[in-house]
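Each of the next two complexes has chain A plus one other chain: chain B in the first, chain C in the second.
Let's look at the complex of A and B:
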């Protein structure tokens, strides 16, 4: 769209935190130092599944360490992720293990004067374990007679039995699926397997907790939601929320891994309360790699279509390996069918999702929350369907995609809205031109060592989990905007910025709404006691929902500015308007018909102050009543080396419909980052587990298989572009981008590899070794 | 990390005396990129460590009697900037460039890499094909051991507890020779080798292969030479057919294992690819007779 009418939106602007970040002066949780602070360490279980027969902390205490064991903590079961409403929340987790269910689970913890003493003390704790059979395969875990990982868990407030290690399941049926498949001319199907990969966020999980003299707590955590951390700590430790203050601290990347309250936070709180001193607790990288992963899935998908390419329906069975704890697989199972039916028009759908406990790292949200997994399956099958029908897969996608005017429920069955902005045709056409889609190789047409392939996949993510009705997902934001005495503006929000520049977008939205230069908008430090609730930065909602809240508050401020100026100027408020005076470099309220009736925002604010009247400020909550899809299409060109099995990225065209682009530089960065992370998921990353439940990499980067800069496609080979699009329900027409950028990438790579060597892969990652073996089996190695 | 005593000798004789008195309870510590990891994960308990970083005798690169002599405490990062290494140890420089990560390269030493004796030690294949020897010093004197004998198994060498690896030496490469090092990892940077290979070939005046040496890492209990493949090259023109055969014979020599980084089968196949690629490149690099 035309950005010229905006003052700051659509223009590349420097991030407000950029100098602090590049000079190293930004202070993350791990940098927080408090007077009298001591250091915590956790005792990690050396078994993946074991009963704890006894814990002896005598020697550790003799060294002067403060120790906590299961006996010292509140015996409250909780779910560390509280995005779902309480009545459908599964709770299986205590602060410290009642029984060990995964490798490196915290059994006890210590705090001591120095890190070295804490380490020494934690090693002095004696634990007697009774090892139990370890379950690392979800299908074995589901078999009758398999060792139960849990006996009971809580479902809301009700205690329920866990049968066959199944944590929860969900079924959805819409339309007449049997008839759709009976009427189908073509059916395509496949069983897809995706790995549990590590988030590989740069910052190790850390927290500082300070006990207060009133019995409360102040917390500096790594988190995506300060308010949810506060609510959980209040509930677990039975402290009024007014006495629990959680500070917003910059995050060194999360990729979803801090969507839940991190495991270290309540442990550190318990240590601080017992020690009566501030405590810092940081996970080592090895501990962190055992602490969380993406959901591993098995997806059996069938698509039914007519001869003309019209999709009729789908059947999907999904099994999720959730690891040792329930971090809301119930909502994961719900959104997974949402991703499918919101990608293409599938009026008839039958779905069963099953979430299974194993003795592995707990699965939690990671960039897309099931969307990359489902899109890998769906977009592979769309390619196969096009081939079966003898049609261009791009045209098949255009014919069936969910677009303008269609019902959309990406975030699950209860989160429905209508698509109001749709750049998909533009994204597909433009990307096809950039990558020369028409002239891509024919599968099976190449021989020789190096083979070129072009792949396409499209996808989306929801901007927030908003909907007209409340539903079972909590989603709303809040913001406060106030005008300072000199006319500068403070934006105060509990929203977290994971590093992508979300808070900068909010500052730009406030600057645009109030006609104030961006440098006069300040992002105020935030903490729970002085901000209104914001649920969590996830679901690609930061700009759309968090920005929506800031816009709503800014509009209130704008109205008050007009009314206040009207009072001083003796002009009707409705006769006044606000504009940016570029010469004065500030906002001006004026009456277009009476030019001398004008006041700068600074003049208004100064008078309000010196005449002892008021601060112009507004606080608002904002519930998005829509959930617009942020569309992305990915075209990627690869070269497969049939001698080594290596896949090189030659070129990529990353197209995004994120509505109004707030900051083009950072939006391009999101697309490049999405490609990079998706490429790792497609081609290299895989956590493997030993039969005893140990991660094969033992938590070391060297074998963690996360791609590094050497694998990342060159920036000059990535062509990023944006659809001309405006989302009516978004702030200044904006919607999200982050997770959308990575969701289709793995599918695009799989399709590109197929195009190059004529072999389909249904399991990620598609490693050199896997490719080489497949090429050999097909007898095409020479 | 468990507690330990740290000795900090200032000279080589002092260090050898400490070793002589306290071995085998005293373990030499150079960059610590292996030892510290082993300690943290409780794989080894060390009673006493001896810091080698202050011993000037273990630093520096020099030419001596037609050989290049490299102090064992030379870091991997130093290999990348030393002009003598650039001239007479190009293969070692190639290995250094892809050795672990820049942070590790700043700490890790060549001597430490060899004494740790990982089958995947990246400095070993280049030193094997350059016919290097290691010098081991003790209070009793100095002895030289050929590279191909020094490493005997996983984390096992011929170094006696009272000995210190002080230097590594190899004959300056001949004029009509060329070689290379290459490795395959799970990614390009910050990785252990899944397979590594080094080759060195020398042509005679007629352009025939006068000598060939091939070394392979991460495919046996120690870095090994592929003697059978080397032999068939000697006296032959380095043409694709014979290079292919050398690749195949190299693959037959190895005894790899399946692990997190790759299967035995994949490793065997990559040996063939790497040897073929390195030999072809080396054969082209040697300037033919005018």
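Let's look at the complex of A and C:
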């Protein structure tokens, strides 16, 4: 994409919140202090599965603490995530546990004058538990006779039975799968297992709630969606939404961990309503680790192909470990087959997905929402298929990938779009050159302690979940753009920026559309009562869909500027246009054929003001009708130490097709961050559950093996690059990047390790212990 | 045990506070409104709460407030202001090293401790210096670049500084 025609898009600029962030002035939810604020603590269950026989808060109340138990809360069952339409939403959650279903689940909560007193009070609460058998393995949980984690849940408003701890299941069949497999020359298959890892966002989940005199609430939460928090709180506490005001607060990382209304938010609201004082409630790191994780999966995948490498079809069975609560597994099961059939042309597919409750942390979206899991399986098998066929796996990928003009349904069977921008060939060719793909080692060709391997995987994520039809997932954004008297512009949107620079991208889109300097565009603080709805920052949709909304609003403002200037200048609106006057450092409306007919944006806005006419502003909602694939290819070169089992990253080439690159430095940051998180997923991160439902790390982050700098490749060894691409449906040609950057990374590592030591791994993480054991076994078998 | 009055000098400002013996320096500083000292894990795992204690970088969650009685503490907010950021802070902003920004104050403190001792660090030395600071957003590369830029800028301004000194 030629960026020279843009004023500000594609140029690296200091992000608008960077000075606040680097000087420590940024206030996160955990930093909010209010007058008369008191401190909340939850009583975390010491059991992973137990009936609650009684809760005695007398001693805690005697200390002056405000206490809530199951008896004090509205008995409304809800789902923490309301992106699925209400009629088909599964609801199994109460504010406080009716029965304990995971370790550290909140059974009661207190609020007191100091954090220390709150801690003391919570310890004084006596709970009588009746421990129940703990189910940590989904296959055991599905066996008949297994202890039921739920008897019934709600589906929409209907109460349904839960059989064999199966939360939901989904089957999809397209084409003629039996014929495809009968006609196949080659079939490859594998059973893959992926771990339920922790998001490891830096800021622990936190919230401040203030009760208002009108019976309402003001909330400062960690969240990816202020409007969904508002709707849920209104529903649970039966408060009119106009009296529930949720503030957008900078968030200290999320990666999906705050995609739903976090467990602390309604607990804190209940405490605040009872105490009639502002309350802050923050999870400890250990509690946070029990709160949410990525979906753990078992994936049995078969691919059928012809001799010439043409893929014919696939069969996939997937079991998802959803933990103790249903957050969005029905959608998860749908997108998992969507990821598969949108990676490669698989006209014939048979799929069955099963989501199973266990007594573990609830699974929620974590960067990719099933995509890293499925891509690990698919891209491993593509490598195996290439080897079986004696062909280059890069060429096999090029032959079969879903690209320009193809229909794809990454976000599930109901969300179909046609690919309109495709940088995949360019990404693959360029990456191959950087990593010297042609000269990669031959599998099995090396001996000695250190062995080098090169791995490739490609993937994508959808930019939003937009589609031509409404579907069963809510996806739209909104924005208001307003011109101030001095020609500066306010962009008002409820969209969250998780740190990737999404809001700066939106400011740039407004600046570009209105021909004003970026420094004249202000990102207004946001809260639910003064913004229009934005569903949530997820599905790699922030720039594409949130930016789409800002562009739509800015185009309305642009049109109004032209029409208003036409009135003042006595010129037809169609004769006018807008440009950036760099000398005046502002936007100017002028008639190219009569250059003296011109007004700056500030002159127009000022005259509208002094003549008591109007404010130039537009508010828009925007529903994306596509969800274009943001492609990423990953090449990694590793060195495997066969004495220690360690895998070192020697080089990585991360290529992205995100359409027009809006924030070049932050887009690179997304790729580098994606590499780090994908590497952790591939090689080290693992939440191990003990039979009693405790996590082996006991809340110690280092023991959960989040990658630190030591595991990270050297700066000069990471090559990030972008395809020359333009997405016709995106704002100024842009699409997403975030999750795409993580999705294929683990598969690339698994392929690189195979290339180095000639051993395939079908389970993540591929830890040093796993490698050592495999190397040893292989040596013994020889 | 009873609370004790202790003295903490934070970013040049003296505070006298009565604290219990089990209070961490992290909590003491945050209660004094130094919220730039971030609470990440309270277990010494993540480095978000790093401060300079008498010039040495420590995780403030692993120091009891009483241990810091009479000490000089420098937090990230003491390095620079929004109008006049410290060169390390400026370099973090310029290099895109702050994404969510939550690890940033601790990261900058580790960088400051390094550059105070070693104004021209190699990448290896930078990696060692921030090995106790977790960042989930960036993959660390832009953080390393920021520290390299900061080192260059500080060295360049020191040269200018000494040049001016020569003229006086």
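Structural remarks
As a convention for this text, the second predicted complex is superposed on the first by the 778 of 782 C-alpha atoms of A that agree within 3 Å, B and C clash if a C-alpha of one lies under 4 Å from a C-alpha of the other, contacts with A are read in each partner's own complex, and residues count from 1 in each chain.
Here, a residue touches a chain if its C-beta (ideal position, glycine included) is under 8 Å from a C-beta of that chain, and two chains touch if they have at least 3 such contacts.
Owing to the predicted nature of the structure, the values given are computational and were not obtained by experimental measurement.
When the two complexes are overlaid on their common chain A, residue A:726 makes contact with neither chain B nor chain C. When the two complexes are overlaid on their common chain A, residue A:6 makes contact with neither chain B nor chain C.
When both complexes are overlaid on chain A, the residue A:708 reaches chain B and chain C alike.
In the overlay built on the shared chain, the residue A:688 is in contact with chain B alone; chain C does not reach it.
When the two complexes are overlaid on their common chain A, residue A:769 makes contact with chain B while staying clear of chain C. Partner contacting the larger number of chain A residues, of chain B and chain C: C. Once chain A of one complex is fitted onto chain A of the other, the partner contacts of A:150 are absent, as it touches neither chain B nor chain C. In the superposition on chain A, A:568 makes contact with neither chain B nor chain C.
Of the two partner chains placed by superposition, only chain C is touched by A:15; chain B is not. Common to the chain B and chain C interfaces on chain A are residues 116, 700-702, 706, 708-710.
If you check the complex, the residues on chain C that touch chain A are 20, 23, 27, 33, 35-43, 45-46, 48, 75-77, 79-82, 85, 89-90, 92-96, 98-105, 108, 123, 127, 130-142, 144-145. Within the complex formed with chain A, the chain B residues making contact are 1-3, 37, 41, 100, 184, 186-192, 260-263, 265-266, 269-270, 273.
Within the complex, the chain A residues that touch chain C are 12, 14-15, 17-28, 30-31, 33, 115-116, 199-204, 250-255, 282, 284-285, 498-501, 665-666, 668-669, 672-677, 699-702, 706, 708-710, 712, 714-715, 718.
On the chain A side of its complex with chain B, the touching residues are 116, 119-120, 123, 643-644, 684, 688, 696-698, 700-703, 705-711, 768-769, 772-773.
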